[in-house]
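Below are structures written as structure tokens.
You will see two complexes here that share chain A, one where it goes with chain B and one where it goes with chain C.
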Partner chain A sequence: MTLKKIFLFLVPAAAAVFLTGLSAGRYHIPFLRVLGILFHPLFGFEKNWLPVEEAVVLNLRLPRVAMAAVSGMGLSVCGAVYQGIFRNPLVSPGVIGVTSGAGFGAALGILLFGWGIGAQLFAFIFGFAALLMTLSITGKTGGNAILVFILAGVVVNMFFQAGISFLKIIADSEDQLPSIVYWLMGSLSQTGKEHFFFTMPLIIISSLLLIAARWRINALSLGIDAAKSLGVKTGESLVFILFFSTLAVSAVVSVGGIVGWVGLIVPHMVRMVVGSDHEKLLPASAVAGAILFMLIDISARIIAPVEIPLGVITAFIGTPVFIYLLVKSKGSWVV
Partner chain B sequence: MKKILLYLLISLLFFVVSCGKTASEQGVSGQSESRSFSVTDSRGETVELPGEIKSIAAFPAPLPHIIVYLDGNAERIKGLHPLAKKAAEVSVLSRIAPSLLEAEDNFLTGSLLNTEELLKIKPDVFFTDQVLQGMDKLKESGLPVIYLGLEKDRMNYRGKEIEFYSPEKSIRGWVDITAAVLGTEKKKAAAIFEEWDSVKKEIAEKTASIPDEKKKKILIVFKAAGNMVAGGNSFGQYWIASTGGINCADEVTANHPAMVKIADFEQVLKWNPDIVYLTNFAETMPEDIYGNKIQGQDWSGTSAYKNRAVYKIPLGNYRWYPPSLDGPLMLKWMAVKNYPGLFNWDMYREIREYYKKYFNYALTDVEIHNILNPAGSGNF
Partner chain C sequence: MSDMSKKGKAVITVNNLSFSYGSGKLISDLSLSLMQGEILAVLGPNGVGKTTLLKILAGLLKKYSGKFEIGKEVSYVPQIFSTGVNYTVYNMVLLGRAGHLGLFSSPGELDREKAYEALKKAGIEDLSERRFSEISGGEKQLTLIARALASGAEVLLLDEPTSDLDIKNQERMLELLSELSLKSGSTIIFSTHDPSHALAVSDRSIFLGKGGISRCGATEEIITGENIKKYYSANVKVTKLEIEGKFLTYCLPIYNIIKRDKV
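Entry: the complex of A and B
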């Protein structure tokens, strides 16, 4: 299937899900009114809606749906890139320790300053700290860099998981612990207009740069030696890829907490349809990830009045879907 | 590689220092077996206690003010959770009972118990409101452990019988158990609850005639960031229903005594509360709501925002939202905020008289002002 055909299907689907996301929620607003509010700045419709409805659509839903789309895109692209360069289908953004590093940072931030900007900033700082730890361990060893890198990532991951456990124990059970626990399970309820100016552009730019590097990722997915023989500067390429993927993943975690699955599953689902060529895989994963994550967040908002963490929904929906695909395809696309 | 090893070593050291101080002393004091007695705790376990209780170590943050109420001072308190100590320090309680500040607080970190540090204090009894790792070891070492748990109660609310975590029933239970351990006269321990009953009755009588559609719709926000509110089975349900209001969030419940995390902020706009109360479990102040400073939220569509009816819950001997002996004052304060036309208690006078009567302490105007206008989360 050509990329054009795939996009002919995916892009309208994404637009439809986006509009559904803006219309769905516990505060009922008729669909036409949502469209009116949304396109009012462009066409200047007559305002036949309440200020509170406009606030719901533009201040509450729009940032959240956009953040869901952007997060899904970022996680899926990073997942596909990692699976490619590490030549390992089990790899997801969590594996190099960035997710748990960022999660640890957020938990520490909550402990020190409460739930807010400070925690988000700490998520970034510790996401990168995790990457640097992984890189410095890899840099000090010779031999099979990729395998060592994954191993180092697993160890760094464990280190920060232990750190998170420790923070949970020393956290005030009445005050800080619920915030930490909920953060770690994932939620976009904290998304606001502020995120249009920094977090979202950061994820979008990082993802686009990774997609732009898809030829080099193709080469790297053949192995370091093969990539070198194709004229790819492997070291520089790896650092470039890891830097921007860490940026994207930390940004997602800083707002939405730790959400697994998306980065692991979406690339596999897309690979079933388009194959392993990153020229197609990366752009298609980006849009498919956005769609899936928007759907997950919409479910989180409407299933129950009580928040069901995104991590729980992704795992509950993701697992059966994944098992179905795996059985149906007999796992043929994995190898 | 050396740097990494060094780093790991340092972090390991940190870990050891922060929770591993060792002690050689062990054993429990006050073993005058002759006058030993037993008390049944919240779990229904019968705990054997040695003669007279001279030294107490405690985990629960509300316990110090219960002991001060029963004893008139905090002389017997020798060990406290760091947060309980901090709570006493920032509140008026440490002025009422300054010896609280001398209590040891190094045997607990979060919910991590250092048994040896605890035994070093040589307590006659240890109070906890959480099941802690290492609690069984304590019992083996002969230290009686009294568990204080939360109690549920039932009420008739809008024609239905509902179950909820009751701050009143919980604190009554804690006072009964603590009084039995301390050996306080039953009549003395019950005095505050006679007042509680009469305040509750007075408010109920005055608000009974308000038809449901005229009742104030109230939302207690446990933590604004994170959309945590007081649901239909929380402490908040008790405070709202007891002061003649309707709990906006009565339809949502969670297995948590104080709050439920709602899926989406727009739920709050749908509820459209007339009055919003902010607990002392988060830094959020009314100004943060009026200024729409909370990420992902827009309060401007609510009646509470338009009428500037967002209030920070006071903090006296302890936070007023969870179970505390300031309960009757909380009821009066909320009743005045909910229905200023029906209730005209002068809170300065009420608080002053209450503290004089039950804690034998003459509050200054500044102290009362600080109780009614606490900063953020009370810094603990």
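Entry: the complex of A and C
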């Protein structure tokens, strides 16, 4: 299937889900009104909606739905890139320890300064710290660098998970603990307009840069030695990829907490349709990931009277989908 | 090293190359040189460093001592290729152009042409739309060589290119190697377990042995029953046979097997 055909299907689907996300929720707002509110500044429609509806759509839902789309894109692109360069289908953005590191950093930031820029900054710092830890463990060993890298990531992951548990113990159980726990399980309820100016552009730019390097990722997916022997500057490529993927993943975690599965299953689902060629896989995963994440966030808001954590929903969806993919393809979609 | 005086330019010169793994010496004081278009066969029992030598020359292993010079465009084709990726043969060959393209570029018209030429040279243009994971071992080897050719490599380093192939594909591979050296002027180093393959196509041969010993020279002088006894402890007869009017040299193993008496 050509990329054009896939986009012809995916882009309208994304737009429809986006509008649904603005319309659905505890307080239902009909589609047409949502469109009116969105395009009012452009066309000056007659205001046939209540001010409170406008406030809900523009101030609450728009940032949240946009953040969901952007997060899904970032996680899926990073997942697809990692599965390619590490040549391992079980790899997801969490594998190199960055999600846990960023999660720990943000939780620490919340404890120290409350929600805000401090927590975000800590997410980035500890996201990169986790990456550097993983890299330095890998650097100290020889042999199969990729396998060591993944194992080192698992270890770093566990380390920061322990750190998170520690923070939960010392957090104030009346006030801080519930908010940290809910956020860590994945929630976009903290998303606000301020994320339009920093977090979202950061994730979008990082993802676009990774997508732009898609043919280089094809070359790297042959294996580091093979790519090197073809004259590819592998070191430079890996630094680039790890830097921007860490940036994107840390940014996602800093707002939405730790949401697993999306970065793992979206690339697999897309790969079954478009094949392994990253020229198609990365752009298609970006849009498909955005759609899936928006759908998950919508479900989180409407399934039950209380908001369900995103991580719970992704695990409930991800497990059967993953098993289905595994069984249906008899495991043949290994990268 | 007297062969430096031969006509043509030396594409590869290796001087006193040594390599150790942990405490053991794998390669010790190895020197050789190769002119453009020459083929060198690397022989020796398992574990003496044939792959290591190729990897050093390919720039994939750094912790060696000594010096070597090798042409600019070198391509290494590994022995075992784990078939993780599932690209088409054409896309696989096209990836040979990766070294010429920047981080954000995709292959253009010129790259596509070169990839197609390489497919033709390797004689596998009919396979171009097949999936790499679905073709035979011999076809995979040919694809990887085509990929090396697409990269524009002047020097090809091939790790046991004939090892997993049936007799027909071995023949095809050897023909391809000699054609590349004669028609395209490629300089080729390949490792092999079959001295007859070395005798068939290589100008020069090198034996690697335990403890880092090595011996390099013109193929007919190097591949002798005596050397094979020394390096492999195997009994063979190296002999020239007249087949269909052509004299070909073969290395024939002498098996010491007691046959059951026929009833």
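Definition applied: the second predicted complex is superposed on the first by the 327 of 335 C-alpha atoms of A that agree within 3 Å, B and C clash if a C-alpha of one lies under 4 Å from a C-alpha of the other, contacts with A are read in each partner's own complex, and residues count from 1 in each chain.
Here is the rule we go by: contacts are C-beta pairs under 8 Å (C-beta built on N, C-alpha and C of every residue); 3 or more make two chains touch, one makes a residue touch a chain.
The model shown is predicted, which means the values in this text are computed figures rather than measured ones.
Undergrad: Fit or clash for chain B plus chain C once both are placed on chain A?
TA: fit
Undergrad: According to the stated criteria, A:Lys228 is in contact with first (chain B), second (chain C), both, or neither; which is it?
TA: second
Undergrad: By residue count, is chain A touched more by chain B or by chain C?
TA: After superposition, B is the partner touching more of chain A.
Undergrad: With both complexes superposed on chain A, which partner does A:Ser329 reach: first (chain B), second (chain C), both or neither?
TA: A:Ser329: touches no partner chain.
Undergrad: So in the superposed three-chain picture, is A:Pro51 touching just chain B, just chain C, both, or none of them (first/second/both/neither)?
TA: first
Undergrad: Tell me which partner A:Ser165 touches in the superposition: chain B (first), chain C (second), both or neither.
TA: In the superposed model, A:Ser165 contacts neither chain B nor chain C.
Undergrad: After the superposition, just quote the angle formed at chain A by chain B and chain C, using C-alpha centres and rounding to the nearest 10°.
TA: That angle rounds to 140 degrees.
Undergrad: Under the stated touch criterion, which partner chain does A:Arg301 make contact with: chain B (first), chain C (second), both, or neither?
TA: Once the two structures are laid over each other on A, A:Arg301 reaches chain B alone.
Undergrad: After the superposition, what is the least C-alpha distance between chain B and chain C in whole angstrom?
TA: 20 Å.
Undergrad: So in the complex, which bits of chain A are touching chain C?
TA: 87, 212-216, 218-219, 221-223, 225-232, 236-237, 240, 275-277, 279, 334-335
Undergrad: List the residues on chain B that touch chain A in their complex, please.
TA: Spelled out, the residues of chain B in touch with chain A are 1, 3-4, 15, 61, 83, 109-112, 130, 223, 225-228, 251-254, 256, 258-267, 269-270, 281-283, 295-298, 300-301, 322, 377.
Undergrad: Which residues of chain A touch chain B in the complex?
TA: So the residues of chain A touching chain B come out as 25-28, 50-52, 55-56, 59-61, 63-64, 114-116, 133, 136-137, 140, 166, 168-175, 178-179, 182, 187, 189-192, 194, 300-308.
Undergrad: So in the complex, the part of chain C that touches chain A is made up of which residues?
TA: 58-60, 73-78, 81-82, 84-87, 91, 95-96, 98-101, 103-107, 147, 151
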